[in-house]
């Protein structure tokens, strides 16, 4: 697939500016005094590249729409490839902070990357707008320099927990997800709300991140009303095919978190995904003005249907714009910028209205979608919208934070059967 | 009950796929002693090529064979131009094959993006087999049948043809084989190409249920290594038995001992290597 | 044979010059913390590559599990610091754990040589990686362990980029010197003997197994030291540090630079670190370029970059001299001496 804006350093406008950044050594101050620098920590190589490339497309689409000028400031985007591992994230964070002296960082993609750099960005007073979901970064370890306009791991899963009992009338559920923190946090959020609203999680399965064949796990699912899966990356594709091949699709409905049924993933899926119900903070068929523009631009420039990764970065760009607008000439003060980012409130984004809680996490809509086949293509059709969902769901914030962070074993699953 | 039956049938199915993956590795390693660390890359590239051909509406079997042919060409070229100059030098072979693995991975990322691709199961192979309450996809059984057919073909080739006799001579003692007039150099190219072709073919066969995505190469490589080391270096029978053994170990191990899922393949491998370094069917090398 | 004084001077001058260059490197880099940090990373990976080279180069045993040893040292430091121990205790504990693990690795892996050795180390490395991932109660799983701060030995804080660089440089030089001593020692000679003529060594009464075992421990010790540098540099340790790809990377450094040479692994470490961290900012397809570099090295210098360059430079020098008028006499004279 051809990408039109295929440049490591993307600077709109003057050729002089491009030449200065092409070298990327500490350039003379005159050349860059005016531009506001955004560093994008993303993954462009290795197994996680899929989401990382979409993140890049999302922010490039936003900056193109704005002609690289946010609230009157020229913007320069510096893209760094972390390779999808913590050490790489750390080194690239140093690159954009210490060498490029960016005003704000967007990204990274994965929770373990974010956790590797949270202390570092705080020590270096650089605001960061995360896509990664690691719960505690906006909870018990809240960081004044970090906001998250995407969602915590469990934010959408809480919603699915309620939808599964109240609307779908499921009572017995199995959960299956990769054996890592993003999976634990998703499944814990689902389990908590599902059980608090009358359901029982009777089986929790944890295939390793790298699993050549899901059959031995799927074979253990047993007698349940529904299966909730939280796979990410390329795993949902493999998992759902096996799930259908083994005849479970016809028997037991499949529910999914946002990464497992992301809109951008639909073209990789086949009939096996039809009917899957998912909860996501973004849906390509959402009708806001900015989303229509965003979807059209993504289809035009990259020939893809955007999903949560690219939408998350588009919204992150909108947050930066709003913060610069609020600060004016003060926008170069990184501490002030971090504070302004926390106060951002947007009425129109591709995911609807967005504001942030005291911990820097988004309060926004969560969509319940059902996958359908329209013509030869799959689409996720929104069937219900839960407005203004907080990371704490309906729980009391203080009590929520007094509990440990969601893990594999917390909250404890009391209804497991063999 | 149905759980155990499913696991057992799936063990055989996975074993079939593993044999398609590892038979080529076994051939190359047995004859040439090259630790071909781009074998997983051949598998992945073959799968991507197959996906591309299938997307153009080409028949599944033709796509698989075409992909195998393309991999034979690529593998043969790499052997002819570069690898042959490094005969017997393990370290440079490691560097060269890993270098190509990097290149193939990045080229695939460039051509096919990071998105996972999963071709539909070919129409005539869809559906399921239902026996005694067990529901099992037909396609996976077809993969086993193909693997067994290839195993028989390779056995006939190695044990009953002139080419096979030359290969066996080469495996046993390459210098002597040279002395008696076998053109070992051409034989090496041929075997390397054949090994690459088998990997590419396996990649296409696996694509409808493994899917193809960046990183598939280095997920598959350790599996090929395990099978071959377990079964014994240079033994096709070893690769066959090793494949099914790993199939069973993986299926029952992950189901029965979920906490050991990460080490379920490596722990037995260490054990076997420590107790029997030449593998189950390997000859003791002198 | 008496070497001319000038030769001795030049033999001593070259390393001295390099040390001076390295010691003043932050100045050449304009005291820019980012580039100084990259230099620190090269040094830390150079220590890891030197450690692996003991096995790969001098003992002829190719290990694909060394990142696990490095990671184990890192994890031990992280866990001991979390448990409230001081840096010194944590560091000593880490080295002890790494040595113990190396001994276990060695006992298991030395059951065989060649590809068998490679496979056992690979499997052991994968097991360590699996434990780091799965035993979340101990290791915090994929979220990893963060270190609150770098140590401040004798009141000197290593928090800054340059302070860390000089510490890394000191440790690197110690590693380099100890490697040189090891290689030139009778032990080094017998190690090379086990690599080239294991049977003859056995016939001569050497305990080949023990020699290899000790080499593994030496390699493990310096891998542990590299692990300390790693965890203090990143102030973070997570399962990818122990992954197969990380082990492969260290091996690639050793081979591409030149196994069984002192400087080869250092050059290899520099190539990989610079490609991965610096060049990747300019070259989108840096993985492809890295692969091409490896293949070019192997095509033109199968023995590795450093020995290959020396060979090519010598050949070029001889070629040039032969063609320079009036130099033939001196050339032959030197050949004779």
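Observations on the model:
Letters A, B and C mark the chains as written, and numbering starts fresh at 1 in each.
The rule is simple: contacts are C-beta pairs under 8 Å (C-beta built on N, C-alpha and C of every residue); 3 or more make two chains touch, one makes a residue touch a chain.
Bear in mind that the values here come from a model prediction, so they are computed numbers and not experimental data.
Ranking all chains by how far their C-alpha centres lie from the centre of subunit B, first place goes to A. Of the two chain pairs examined here, A-B and A-C, the one linked by more C-beta pairs in contact is A-B.
Taking the mean of the C-alpha atoms as each chain's centre, subunit B and subunit C sit 33 Å apart.
Each chain gets a centre from the mean of its Cα atoms; for subunit A and subunit C, those two points are 38 Å apart. Across the assembly, subunit A contributes 45, 179, 208 as residues in contact with two or more other chains. For subunit B, the set of residues touching two or more other chains reads 106, 261-262.
Counting partner chains per residue, subunit C has residues 130, 133-134, 287 touching two or more of them. Those residues of subunit A whose C-beta lies close enough to touch subunit B in the complex are 1, 45-53, 179, 205-208, 210, 212-213, 215-217, 219-220, 233-234, 237-238, 241-242, 245-247, 264-265, 267-271. Of all residues in subunit C, those touching subunit A in their complex are 30, 32-35, 37, 41, 130, 133-134, 136, 141-144, 146, 161, 234-236, 238, 240-241, 276-277, 280-284, 286-287.
Taken together, the subunit B residues at the contact with subunit A in this complex read 2-3, 6-7, 10, 13-14, 106, 109, 113-118, 120-121, 128, 135-137, 139-140, 208-211, 213-215, 219-220, 223, 250-252, 254-255, 258, 261-262. Those residues of subunit B lying in contact with subunit C across their complex are 29, 35, 82, 85-86, 89-92, 94-96, 98-103, 105-107, 110, 218, 222, 225-226, 229, 233, 259, 261-263, 266-267, 269-270, 273-274, 277-278.
Those residues of subunit C lying in contact with subunit B across their complex are 56, 62, 108, 111-112, 114-116, 118-120, 122-124, 126-127, 129-131, 133-134, 244-245, 248, 251-252, 255-256, 259, 285, 287-288, 290-295, 297-299, 302.
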